[in-house]
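Letters A, B, C and D name the chains as they come in the text, with residue numbers starting at 1 for each one.
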């Protein structure tokens, strides 16, 4: 029970952090200043959500009894075990290994071009929005509060990315070619979110219940974008929720974690 | 004296390692199998040279008295100081920080396209060949032996890359455009090698003495490639020999060193 | 009215501290001077995103990552305000971007130095933003209205950045030996380039006289540089660090710090394109511009389709 | 001679273990079968460079980096030998590459799994190369001469790789708890895909019967798979690790290890394009091919210029 909640909290946090990290790669390199600023905003929102969630995960752990702590030992960052202090948000973000990350694969894929970034954000935000809506009703007061606070942000991410999907789908021949190519790359990564992981029981709401609302949202935006929705029920990638990631995550983590690995347990 | 030799040995080793690491990025991605294999060979040679040189640097350090060791403390990898064992080649490659690396900036630049990789290799090999020739005569028997062994490899790198410079310069309009673009990027990084660093005194031969032979080599290959040699005496980048690197090296090191940073002091 | 009369009215306004507004008459040279200065300032904000952007992915804590991201984002915002201010003078953002990419327009040379360690983030906030503010605060009262108003917003945020930068350095200064060494190293590398940010000495500064007369500028380069030295020489003590200048010392007579000679050869070298990162910075901007072209075109094409659809519905 | 007579001579040679050489008459189906098999094998070597190439830049010691680089380079070499062998059957390397990129030609599905940790390098050497060798050793006696000779070189190097892989796992197995956990995790992920490398069960293997008759193949998929299980089930004990199969146990009667059911749904899924990395692998090959085009063209153009110059000098 405690273990599932802890792992689920990490899953939510990892999703937000990894996508926030990816989007941040655009900062200073966007197609126009306004878009640079907008995407950086999304990145900031996601990193903010990740911080709240990691803090909550750390609080959970610090409040566990010995048995509870032993049950989640495999999810903890090894270097922290020698710090002799309570678990903190940055330990979870910066010192876990790739196999301990629980984010959806779609969040870790390279940023690609603007079409890839936009479409990934749209797919992810459409899911996250529904997920946070469910969580608002959670019996876990902290998760409910974080979801409540984050929902406004996510609604904006969803609207913004949806508008861009429409612009690119119904823009020029080139933008259409690019968003269709992004769709060919991304579609197989969209199904993972809806397949419940072992930790998505009890307090965590059932993600499978969100599929039809998600399909509907994608369908209506795609219709406006004059894009075809690929057949659902096709084969889907998975593994992120049990820590088997694509070959991209390791590089992202090596870069993101380098200072904490080089200078462990310092204050910055 | 000991300090200069130690730092110079690291300089030679870092040059070989960083360029070997860069070239290895092509492995599996070359423009044709034959070129994939050839560039991987060069990479292997360079990594082999780096290993001999790091081993020699480690031997030097392990044989120093306390005063000598104190004099080079700033060049040592910090995590190693807690391992309580003799210094080893991998400590020097994997646990020093960016500011402790002494490689020439040209070796750390991104691999770019094939023209960039080829031209960088040609510029570097033309220098390294002359440098190893000098070192063959060194009063330091180990450096002389390493130089002697490496010279045959470097002669091949120089010939191979020179042939490709000619092919690209005197190939198609596209290949010419690309090698000229590479030249525009690289030329300002070619001068650094010839400016003696503080550690290039005593046992280390004077690199400035190699400039005219280098110019001659470049000139003759460029003539055959129908390329213009940029004016010499133009402004040149520097900093690598005193550890002030381009913004590229940090990323390379974060990736290269990630396992040793994550799992310090293990046997692989 | 004759041009001479217009010029008199114009100068009277300036002297009376009345802001010049876009629709007011102004000498062509005033306009050109302002376009040059504002666009250069805008370009500096945009190019200035790159050296700091270099550490976003590697920030050592989530809090620092968020602070740095927000800061770089603010710089994009400053670029926006300033481009808008310049646009009131009859030049488009695209034209200004063209000038940046072709090398016709300049940006602050400080951004042609690489960011080598994490400590550079704090030191840039402290020294580089500090020097920028020293230059910019007087611009809040500059004679051209849109520029002055943009600068008020910019300065407010910049001061916040500078405080944040200094705060992060205080943390480093109280940290481990490695963190303190990293901090000293960053100060050593950024100190002299920061002093160069005030521009050439007054006797070698070609645009200054007219700018002073028109109250675009209000203090000379050397005056501002001295203020900056006086400020930083005190602040560095709070960090327990030193500035890399053996000649730096308090001059009781002048009531200012004396400081050593600036390497103007390096300054002119970097200005003229030979800094460590000049090509890298422009290449990065060029790449973003080129790779963004299809996105900007798609947005325009879609807006046009929308407009036509709405039009035909209305018709 | 009639086709029937030619076929008889051909089959007699095969039965007498005489190698078929490029200039010999051979049934068209034999030729096609060989082209399919050899090019698939060559493509496997080339695509197989990618999952291992993924760890070259991050190898944990310089020695391991050099070993891994050399190994991946050997795979490129194997690709070369095998493409050359296939070329003797009247197909060009470019045509074969086209077939790979278009999806017409296959490569071993094992390379559609990601390499997730460093331990995967050793486990690939041990299990994947191990399974490959089990498949390949009989091919050293395959009926087509150039293929058989290529395979002799390939097998020699592969055995070396397999020993190296196992040696690196012995080091991990004697390492820290983390290293042992990393090793067990890698074995857990690669075991079942390795078993799938022997292809469908004999009753579901369409090309096998003819291949056996022509001595292109010499053992059935299931025979080879059983040999592999028997070998690995013993070797894993040396590592102090386990195989992720609760049904694995020695059958004293059969003198073989029994093992659990293979997930053939996963197998066919991955074969038909739905593996974790199918698109990624082909995209990587496509990218190398596309980005290499101008290089190959330049080499051809330069050689042509050279030839013409030499020609005109001679004339």
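FYI, a residue touches a chain if its C-beta (ideal position, glycine included) is under 8 Å from a C-beta of that chain, and two chains touch if they have at least 3 such contacts.
Here the structure is a predicted model, which means the values were calculated and not measured.
Colleague: Going by the touch criterion stated earlier, list every chain that contacts subunit A and also contacts subunit C.
Modeller: Both subunit A and subunit C are touched by B, going by the contact rule given at the top.
Colleague: Any idea whether B-C or B-D has more C-beta pairs in contact?
Modeller: Higher contact count goes to B-D.
Colleague: As a test of understanding: of all chains, whose mean C-alpha position lies farthest from that of subunit A?
Modeller: Measuring from the centre of subunit A, the most distant chain centre belongs to B.
Colleague: Just give me the whole-number Å value for how far the CA centre of subunit A lies from that of subunit D.
Modeller: Roughly 37 Å, centre to centre.
Colleague: If you average the CA atoms of subunit C and of subunit D, how far apart do the two points sit, in angstrom?
Modeller: 58
Colleague: Counting only residues that touch at least 2 other chains, which ones in subunit D make the list?
Modeller: 58, 178
Colleague: Got the subunit A residues that touch at least 2 other chains?
Modeller: Where subunit A meets two or more other chains at a single residue, that happens at 250, 254-255, 258.
Colleague: Taking the touch definition from the header, please name the shape of the chain graph: line, ring, star, complete or other.
Modeller: Shape of the chain contacts: other, as it matches none of the listed patterns.
Colleague: Go through the chains and record each pair that touches.
Modeller: Here the touching chain pairs work out to A-B, A-C, A-D, B-C, B-D.
Colleague: For subunit B, which residues are in contact with subunit D within the complex?
Modeller: Those residues of subunit B that touch subunit D are 17, 21, 24-25, 27-37, 40-41, 43-44, 47-48, 50-51, 54, 89-90, 93-94, 113-114, 166-168, 170-172, 174-175, 178, 255-256, 258-260, 263, 266-268.
Colleague: So in the complex, the part of subunit D that touches subunit B is made up of which residues?
Modeller: By the definition above, subunit D touches subunit B via 46, 49-50, 53, 56-66, 69-70, 72-73, 76-77, 79-80, 83, 118, 168, 171-172, 174-176, 178-179, 284, 287-288, 291-299, 301-302, 305.
Colleague: Using the touch rule from the top, collect the residues of subunit A that touch subunit B in their complex.
Modeller: Its residues touching subunit B are 97, 250-251, 253-255, 258, 261-262.
Colleague: Which of the residues in subunit C end up touching subunit B in this complex?
Modeller: 51, 54, 58, 114-117, 178, 185, 189, 269, 274, 276-277, 279-280
Colleague: Residue numbers of subunit A touching subunit D in their complex, please.
Modeller: Going through subunit A, the ones touching subunit D are 78, 98-99, 185, 188, 235, 237, 239, 244-247, 250, 254.
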